[in-house]
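Below, chain A partners chain B and then partners chain C, in two separate complexes.
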Partner chain A sequence: MRIAKQAGFYVLLGLVLIFFTFPLYWIVASSFKERADVISSVPKLVPFVDFTPTTNNYRDIFFRAETTTGEGSTVSASADVSGFRDRLVNSVIITGASTLLAVFFGTLTAYAVSRFTIPLESDLMFFVLSTRMLPPIVVLIPVFVLFNDLGLRDSYFGLILLYTSFNLPFVVWIMKGFFDEIPREYEEAAMMDGYSRFQAIYKIVIPEAIPAMAATAVFSIIVSWNEFVLANFLNRDAASTVPPYLNSIIGVGAVEWGRLAAASVVFVLPVVVFTFLVRNHLLRGVTFGAVRR
Partner chain B sequence: MAQINLQNVNKSFGPGVPLAVNDLTLTIEDGEFLVLLGPSGCGKTTTLRMIAGLERQTTGDIRIGERVVNDLRPGDRDIAFVFQFYALYPHLSVRDNIAFPLKAQNLPTEEVNRRVMDVAERLRITHILKSNPGRLPGGEQQRVALGRAMVRQPQAFLMDEPLTNLDASLRADMRVELKHLQHTLGTTMVYVTHDQIEAMSMSHRIAVMDRGVLQQVDTPLNIYRHPQTLFVATFIGSPPMNIVHGRMVGARFVAGDGQFWVELPPAARQYTQHDKRVSFGIRAEDITVGAPGGAGMAGNVVVREPLGDETVYVVSVAGKTLTAKTPPRIRFNPGENVSVKLDPAAIHLFDGDSGRALLPEGWSKHV
Partner chain C sequence: MDTTGRGRPRFSWLTDRWLAGLFVSPTLIILLFIAIYPLIWSLSASFTDRTLLSRPDQINSVGFENYVDLLNDNRAWQRFVVTAQIVVPSVLIELLLGFAVAMLLNRKFGGRGVIMTVILIPMMLSPVVVALFWRFMMQGDGILNYYIQALGGQPVLWLSSPSVIPWSVVLVDVWMWTPFMMLIALAGLSAVPKYLYEAAEVDRAGAWFRFRHITLPIVTPLLMIGIIFRTMDAYKMIDTIFVLVGDRGGAGRAAQTAGLYVYDTAIKGFDTGVGSAYGYIMLVVIIALANLLIRQLNKVKG
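Right, the complex of A and B next:
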């Protein structure tokens, strides 16, 4: 009876796992397929058995401006194709900078709010949060006009500024909750030991806060990395990011599924790797309040 | 080594809130072990934090040695603070925790190592220097916190209930050890506690505070024998002093409907007047319980608490309840009638309005 129950549990677990990971597998598998294998009406699932893997798609998105299709006719690919490498670099720069800025300023703000008495503190904190209450698309038109007038369209700085301001409320709230949990005696002890408050923050509080900073950084990265709407409308050329590019592959001529899949895999990989690297911090950061003391 | 002096110090946490510390003037002598004692919220920790510089006094001056330290940062006051929760830096080893204050002074590495070892040997924690402080038992964390305070050789130690988180037997050991340590180092120590046993057993002098007001500063025995206010009388001592509220009728203290009365000894009479509202106090050990019909008032045993070395009786006398301590061989059962005799030389009288003691120290020599 117990064994049956356990077996049932694992079967259910397996089904859920397949449900969530199959789309990912399908994308990865498609990225290694020739066009004929991708569009085949019989699903080709297993590499080396159903289809012969190829790295052509990856070569194409990184090194080729145009390519030949399986039918033998030359399809002129959109200019976007050759731009993938640049898009990826743009995404890294914009996401990296906005995450660093959001975590840096958010941590300082959260520390101040947590440690000092600030007039109208709860109103201010609510105001900070309220900027997250409307979806970005609502402010798209005003931001577009504003950026147009200020010359911020198609610049790194414009999107970095926007993403930083989107992520700040989140960082401030998470980090404030975290700092509230760190006994202030730590800084006081350091201040008694002959350090200034800034030295105490740098030497004592920040090392303690790294798990939480890592956790908030992961969330900031995911938000900035995946953002589509603003990037699509504001940065169309020089400083464009990967998400609009993925969309543009679908939109131009015959859909290059293989290339789309390869670009998607390359796009998803950095976030997966980073999250994997900081996973221990992430867990500690998220459960911090629960396990301490 | 230094004297610490507080002059008319006030601390307010905002309008409408009672003063946390109210006009405190107190001098802690060089090399003295002074305990700030009082219930929670009495202002003792605030006082300690103001000496440390972690809180700024609203008005008044604080001196350490010859210097007025009002505007000095905590780190510049050359004093060490031991926190109730130790506040050991969790990401540093025990050695680095102890070395932390020395690194702020940019001392050479050999000097830092020598002083850390010195302190560690003294506190017998050399075997845990490489450990992570979070994994240590409470007693060892306590020693590490002490080590971090001692390593700087500061002018004074400030301690905020450092023994509260230890279990009872360890606390007793650490009391002895701390007292010995302070004696050998000879460093001024200000120690905050709500535990009167710690205060009585460790200190040279006790400063009792209540609601932000300093009640009395004196040696432990004087605090016990000659409490200057009703608060001190009831706060110090276990069981607490018996207090009966009433008024003077001639030379008699009378309470309730007049059934409970005590004739004051002649030496005490000059300190009070007819019809004055007073509170009468007497300690449990100054009450003798005897066979019925003996000298004193007639009473009835309510509760008997045999403690081994002594027996505590709660007796009802003329509608009032008194607690008496007697040697263990005297035995009465609950419900039994007894005679209750008060030692006339051991009585205390407090002003019914201000709570100040009415009898001066030494009045009873003439009883």
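Right, the complex of A and C next:
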């Protein structure tokens, strides 16, 4: 009975694991396959047994693809992956800058709301949160026209500003919860010793808050890194990021799934690393601090 | 640094009042610019016939015409039906499956930490990557159909049959977001005090009784929070569908949700006035829905 129960548990656990990890495995496996192995109608599951792994796809996405793939076949539009490196750089710049801004301004606001008396404080916090409920598509139309008028389309600054505003509510809510947990006596003791409030903040409070700010930054990074809807319509050329790019290379001609997989793996890898780094804060992070453990 | 010497400490001219203003205003300005300005702009645009590229002198006021047209347009309502067809099954399945997986993982076993983290990866990924790869797996001769046929089934037209497309979207959403529900349910389960179960054991209460009267009441408020988050996100989600079956929601517009309809009207169709009006209808619906759900949450919290 006991053994049957144990076995049942491991069978179920196995099924759950297969469901959630197989697609991930399939991306990684495909990224190491030659074209023929990728599109083979019989799935090639096991490396070295079913297919011989190759790193060609990775070479191709970083260093311009060779113009022929096989016997004189023409290169489809999706085979031109030369833009990947530039898009990756754009993604890093836009994600990095917007995260820094959001964490910086958001932490200041969170501190003020936590410590000072602010008129209409609960209304302010609700307003901050409510901006996250807006469907991005509703924001997109006015922003599109506005950015068009201001010449901010296809610029770093435009998307950085948008992503900063996306992440601000999150940072404010999470950091406020955090500051509420730090006793006020910390700063008050420092101010008794002759620090001004401002000095107390940057010498006492901020060092204390660094770990929380780092975890918050990671969530902010992931949101900006993954964003597609606004990036796809606002930044189409020089300042375009990776997600719209991945979608665009699928659009025309025969899809080079192997290269697409390689690009996806490179793009997703930092997110996986970050997920491991913040795994103990995930719950708080994904619920805006509504659920704590 | 000399802070203890005679004289006032540095920055003491920055009083709390000043600091409060200084710290709050950048956030407020950015959010007003990105949230309030677009809302006002959309509202005023929704009463005009403006297109995406109208010059100011080409824009005419049309009063409530856009709204009246939309409310009388069956296709516009149909988009909300499609949205519900995707949101309701997605959230329900995620809730049940997430809860089941949480029950399964709520015990000690080797490698639990690593397995948990691996299961959580899908929800952190970009919807674009997730949708692209499910698209790859769901192709007519893709891996899903290969195994369905190997097991003796008929191949499924995941991405081309209008009756299947909404379910394909649901499947992708379930894959991506069940971990979220699981995470929340697990937090609830670990909050149930052990002594309650022990007391139930003494009273020889059955498994169902324990579940119904101990586990469920404690976990329900948390699950409600999960439902609220998922419903709001699924309602406004367009990227997964966009990449999975195309920006019109695939064959027969089978998965063209309200959000994609706004995109189709305002951006692709250049009809900004009508698109803005539809966006506002979407907003009213989501606000009503959010209120309803939050009221439910307060009810279960007691």
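Please note the rule applied: the second predicted complex is superposed on the first by the 254 of 293 C-alpha atoms of A that agree within 3 Å, B and C clash if a C-alpha of one lies under 4 Å from a C-alpha of the other, contacts with A are read in each partner's own complex, and residues count from 1 in each chain.
One rule holds for everything that comes next: a contact is a pair of C-beta atoms (placed from the backbone, for glycine too) under 8 Å apart; a residue touches a chain by one contact, two chains touch by 3 or more.
Everything numeric in this text was worked out from a predicted model, so none of it was measured.
Partners chain B and chain C fit side by side in the overlay (superposition on chain A).
Contact with neither chain B nor chain C is seen for A:273 once the two complexes are overlaid on the shared chain. By the touch criterion defined above, A:282 lies against chain C but remains apart from chain B after alignment on the C-alpha atoms of chain A. When both complexes are overlaid on chain A, the residue A:42 reaches chain C alone and has no touch with chain B. By the touch criterion stated above, A:111 is placed in contact with chain C alone, chain B being left untouched. Once the two structures are overlaid, the count of chain A residues touched is higher for C than for its counterpart among chain B and chain C. Touch criterion not met for A:89: it reaches neither chain B nor chain C. Once the two complexes are overlaid on the shared chain, A:150 sits clear of chain B and of chain C alike. Judged by the touch definition given at the top, the superposed model places A:195 against both chain B and chain C.
When the shared chain is aligned, chain B comes close enough to touch A:186, but chain C does not. Of all C-alpha pairs spanning chain B and chain C in the superposed arrangement, the closest lie 5 Å apart. Applying the stated touch rule to the two superposed structures, the overlap between the chain B and chain C interfaces on chain A comprises residues 193-196, 199.
Chain A makes touch with chain B in their complex at residues 183, 185-186, 188-196, 199, 204, 207-208.
Partner chain A is touched in their complex by these residues of chain B: 52-54, 73-76, 79-81, 83, 85, 87, 89-91, 100-101, 104-105, 148, 152. Of all the residues in chain A, the ones that touch chain C in their complex are 9, 12-13, 16-17, 19-21, 23-24, 26-27, 30, 41-43, 105-106, 108-109, 111-113, 115-118, 124, 127-128, 130-131, 133-146, 161-162, 164-165, 168-169, 172, 193-199, 201, 222, 225-226, 228-229, 233, 243-244, 246-247, 250, 257, 260-261, 264, 267-268, 271-272, 274-276, 279, 282-283, 286-287, 290-291, 293.
Interface of chain C with chain A (complex): residues 3-4, 8-12, 14-17, 19-20, 22-24, 26-28, 30-31, 33-35, 37-39, 41-42, 45, 52, 101, 104-105, 107, 109, 113, 115-130, 132-137, 141, 143, 146-147, 175, 178-180, 183-184, 187, 190, 222, 225-226, 229, 232, 235-236, 238-239, 242-243, 259-260, 262-263, 266-267, 272, 275-276, 279-280, 282-283, 286-287, 290.
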